[in-house]
Amino acid sequence: MSLASLKEAVFEANLALVDHGLVIFTWGNVSAIDRQQGLVAIKPSGVPYSTMKSDDMVILDLEGKVVEGSLKPSSDTPTHLELYRSFDTIGSVAHTHSTYAAAWSQSCRDLPITGTTHADYFSQDIPCTRDMTEEEIAGEFELNTGKVIVETFVERDINPAHVPAVLVKNHAPFIWGKDAHDCVHNCVVLEEICKMGAIADALNPEITMNKHLVRKHFNRKHGKNAYYGQK
Amino acid sequence: MSLASLKEAVFEANLALVDHGLVIFTWGNVSAIDRQQGLVAIKPSGVPYSTMKSDDMVILDLEGKVVEGSLKPSSDTPTHLELYRSFDTIGSVAHTHSTYAAAWSQSCRDLPITGTTHADYFSQDIPCTRDMTEEEIAGEFELNTGKVIVETFVERDINPAHVPAVLVKNHAPFIWGKDAHDCVHNCVVLEEICKMGAIADALNPEITMNKHLVRKHFNRKHGKNAYYGQK
Amino acid sequence: MSLASLKEAVFEANLALVDHGLVIFTWGNVSAIDRQQGLVAIKPSGVPYSTMKSDDMVILDLEGKVVEGSLKPSSDTPTHLELYRSFDTIGSVAHTHSTYAAAWSQSCRDLPITGTTHADYFSQDIPCTRDMTEEEIAGEFELNTGKVIVETFVERDINPAHVPAVLVKNHAPFIWGKDAHDCVHNCVVLEEICKMGAIADALNPEITMNKHLVRKHFNRKHGKNAYYGQK
Amino acid sequence: MSLASLKEAVFEANLALVDHGLVIFTWGNVSAIDRQQGLVAIKPSGVPYSTMKSDDMVILDLEGKVVEGSLKPSSDTPTHLELYRSFDTIGSVAHTHSTYAAAWSQSCRDLPITGTTHADYFSQDIPCTRDMTEEEIAGEFELNTGKVIVETFVERDINPAHVPAVLVKNHAPFIWGKDAHDCVHNCVVLEEICKMGAIADALNPEITMNKHLVRKHFNRKHGKNAYYGQK
C-alpha cells in the first residue's frame, strides 16, 4: 500500500468515527500501519475534522520518529505504537470517547459477554485495565497506557485478534482491527454492545451466557469454519 | 403474489429496518412466504444494504432448497423456515439486534406486559426462550433456535398470532407478522415497548397491569369487535 | 375562529407531534375546541400522517355527534370530550405514547416535581390515575378513562390549568393547553421532564424540591406577576 | 472587540446551543462580556430562536443598566452579571436545561470526577449548590442564584477557571468560558460527561478516580505544560 493510500484510509476512518456519532470535537483518533514498510499514519493532534485533509495525516516509524508531515501527531501516538509493536496481528488502532464505552471505562468494570452481538465480534469479556501508578502517570504517560493495555492481555492470556478492544480504566476505549475500515467497524460494535450491556445490566445484574453459545457465534464469523456472509 | 412482488416486498422490508434505526451493518434480515406456492424470499447473507437489490433476494422452498437466486441466503434461514412450518398463521419473519430488544434478550427476562402500547399489539408477556443445550448448539444451531422458539410457544400455550415476537435468550428477538410490512411494523413496536419497559422497570420493579385493561386494548385493535381505525 | 381554521390548527398540531418525535405510526391525537360554538375538531382514527389532510379532521359537538367530516373520529374521542366538559379552561387536548411519559405511566407513579423545568410549566407533581375497574373497562372505556382523569384532579384538588397533563395508569399521558399550539408545547415539555425525572430518580431516589422554589418558577411564567418573555 | 462583534458572537453562540441539541424552545441563554468596556451582550427573554437576529441582543453594563437594545434581556441576566462581577477570569456565561445536566441538578448531587473526559476540561467534581432559603427566593431571586453559585466556589475553594460549570440545585447548570465559543464548547462537554456519569453511576455506584490521572489529563490541555493540539 502506498503512503498516500494509507493516509487516505486513515483520514476517511477518522471522519467515519464522526459520521457514526462516536466522536465529538476532536475526541478521537485512528491510525493504521503498513507492516512491510513499518510505517504508521495517524491523525494530527487537535485539528478540527471540518478542515482536516488527507495530507494532514502524520507518518511515523514504529519508534515514533516522524518521517512525513508537518503537523504534530495525536498526543495518543505512543499508545498506538506500543500496541502495534506488541500485537503483531493488528493493522489499525483507534481511540474514542464514545458515550457508553467511556462510561463502562469510567465504571472500572470489564464489559461482560452476555449476548451474541458481543460474541459475533469478541470471543470473551472486554477487559478493563488496572489503575496506573503515580510513576506511570508522571512518566511517559501515553506509552505507559499502551504498556498497561498489553500487560492486561498478556496476564489474562487474551488474544488481541479475538478481543479487538480494551477499556482503559477511568478513561475510554482503545479499539483495533485488521485495517482502518475494520477498526472503525469494531468501534461501532463496541459502542453498541456497551449500550446493550448497560441496559441489560440494569434489567438483570446476574446475567451469564452459555460458553457454547459464545463459541458458536464467534466461530460463525471467524476462523476456518466461518459460514456468515457470501464467502 | 408473483415471486418478483414477494422479493420486492422482502427487499423493501429489509431496507425499512435500517430506516427505522433497528439495524446497523448487516445485523438483521426479513423474509416473507407465499403460502400457496410454499416459497420463501429472504435476504442474502452479509450483503451490504447500500448495494443490495431486490433481485438479490433468495427464494427457497420450506425445506431450505434454493429455487431461485445466486447468493447464499441469510445464515438465519433455518430459523425462519422452522417458524413458517410451525406457525401457519404467519406470513413474514424478521430478525434484528435492535438495541433494547437485544438488551432484554441478554437480560434473560420475559418482557412483562405493563402498558397499553404493548397490549395494543401483544396479548401477554413476550417470552424469553430457555438456554440451548450444548448438543443443540453444536448441531444444526439455527434450526434448533427455531425449534426452541416453537417449544416456548407450545409449552406456554401462547398463540403466535397474538404474540408476534420472541426474545431468544442471550441473543436477540425474532419477530413476525401477517406480511413483510406488518412484520416490520411489529419490529418497531417491539423495540419501542422494550425501551419503555426498561425505563419503567427502573422506576418501579414491582409494576403489574390489570388483565381487563390488557384484554380491552388488545381487542380494540384485533378480533371481530375491533374498532380502531377506519374499518 | 372558523371551523376551517380550527381544523387547520388541529391538523398542524397532529403533524407537530410527529416532528417533535413524540408519535410513531398513528399513536397520538390532538383535538381543539371552539368554546363559543361548542364544537371540537379531532384527528380521524388510524389514518397515516403522511396522507392526512386538514379536511380529514372530524368536527363533533360536546356530546360526540359528528357535525362535519366523513371519517371516523379518533377512538379516544370520548376521553377528549369528557375533559372539555369538565375542565372549562382548556382549549385543546392531546394523547401520545411518547417514550418517557408512557414509561412513567406504566410505572404507575406520579411524576414528582424535582426541578424548575417541571415547575416552569406544572405547579406540582403530575398525577398518575388509579386502576380502572372491570366494569369501567368493559363499559364505555374511553369515556370512563376521561372520568377517572377528572376524578383524579377533583379528589386531589388539582387545578387542570396549572397541571396540564395526567399519566393514565399502565397506559400513557393525556395533555392539554389553551390552544392546539400550547397543547403540543406541553406535550414536548412533559416528555422532556419525564426523561429528566427518570435519570434523576436513578441518580437519587430520595430527591425533593423546595416548595418556595416551585412556586417562584411557576409564577415567573404564569399569573399576574409573570415576568418571563417580552410581555 | 466592537459591540457589533460581541452581539454577533453571542447571537451565534445562542444558536449553537440549539444546533448541539442542548436547548429546546427558549430554554437557554448565552452572554459574553467585553472586559475593557465593562459591557455585556445577552439574549433577549423568551424570543423564539427562529426569528431572533444578532441585533436583538441586549447590551448592559455590569450593574444591569441597558445601554443598547429595545428588548427585555433574559430573565436570568442578574445571575450572569453576578458571575462576571465575581469571577474575573471568565468572558462568557451560559444557562441551559440540557437533559443530563438538568437531571444531575435535580438529583442534588455533585457530578463526581470519574473519567478523563471530565478531567480534560474540569479539574475536580462539578459542584451542586445548596438549597436557597425562602428569603433568597422571595427576594432578588436571579441575583441570589448567582450569589449562591459564587458562595459555593468560595466556600469549597474551587477555581472557576478550572471548573467552568455549576449545577444549581433542583434547577439546571450555569456554564462559563473564556469567550462565547469556548462557553458553548463547555456546555457540550458538560452534557456529555453528565450522560457518561449517569450511565457509569448505574454500572458502579462506588467508582473513584486516581487523583494523579485527574491532574495529568487536566494539565495535558491546560496550564503552561499543555501538550494537546498544535500549540
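Lettered A, B, C and D in written order, each chain numbered from 1.
Assume a contact is a pair of C-beta atoms (placed from the backbone, for glycine too) under 8 Å apart; a residue touches a chain by one contact, two chains touch by 3 or more.
Values in this document were obtained by computation on a predicted structure and should not be read as measured data.
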| item | value |
| --- | --- |
| Any chain in contact with chain B as well as chain C | none |
| Fewest hops from chain A to chain C - one hop per pair of touching chains | 2 |
| Equivalent interface positions on chain A and chain D, same or different at half | different |
| Angle (degrees, nearest 5) of the CA superposition of chain A onto chain B | 90 |
| Intercentroid distance (Cα basis), chain D paired with chain C, Å | 33 |
| Chain B and chain D: spacing of chain centres that average the CA atoms, whole Å | 47 |
| Sites on chain C at which at least two other chains make contact | 202 |
| Residue numbers on chain C that touch chain D, as the complex places them | 114-117, 185, 188, 192, 195-197, 199-200, 202-204, 207, 209-210, 212-213, 216, 220, 227-230 |
| Chain D - residues contacting chain C, complex | 24-25, 27, 44-47, 71-72, 75, 97, 99-100, 102-109, 131-132, 134, 137-138, 141, 170-172, 198, 201-202 |
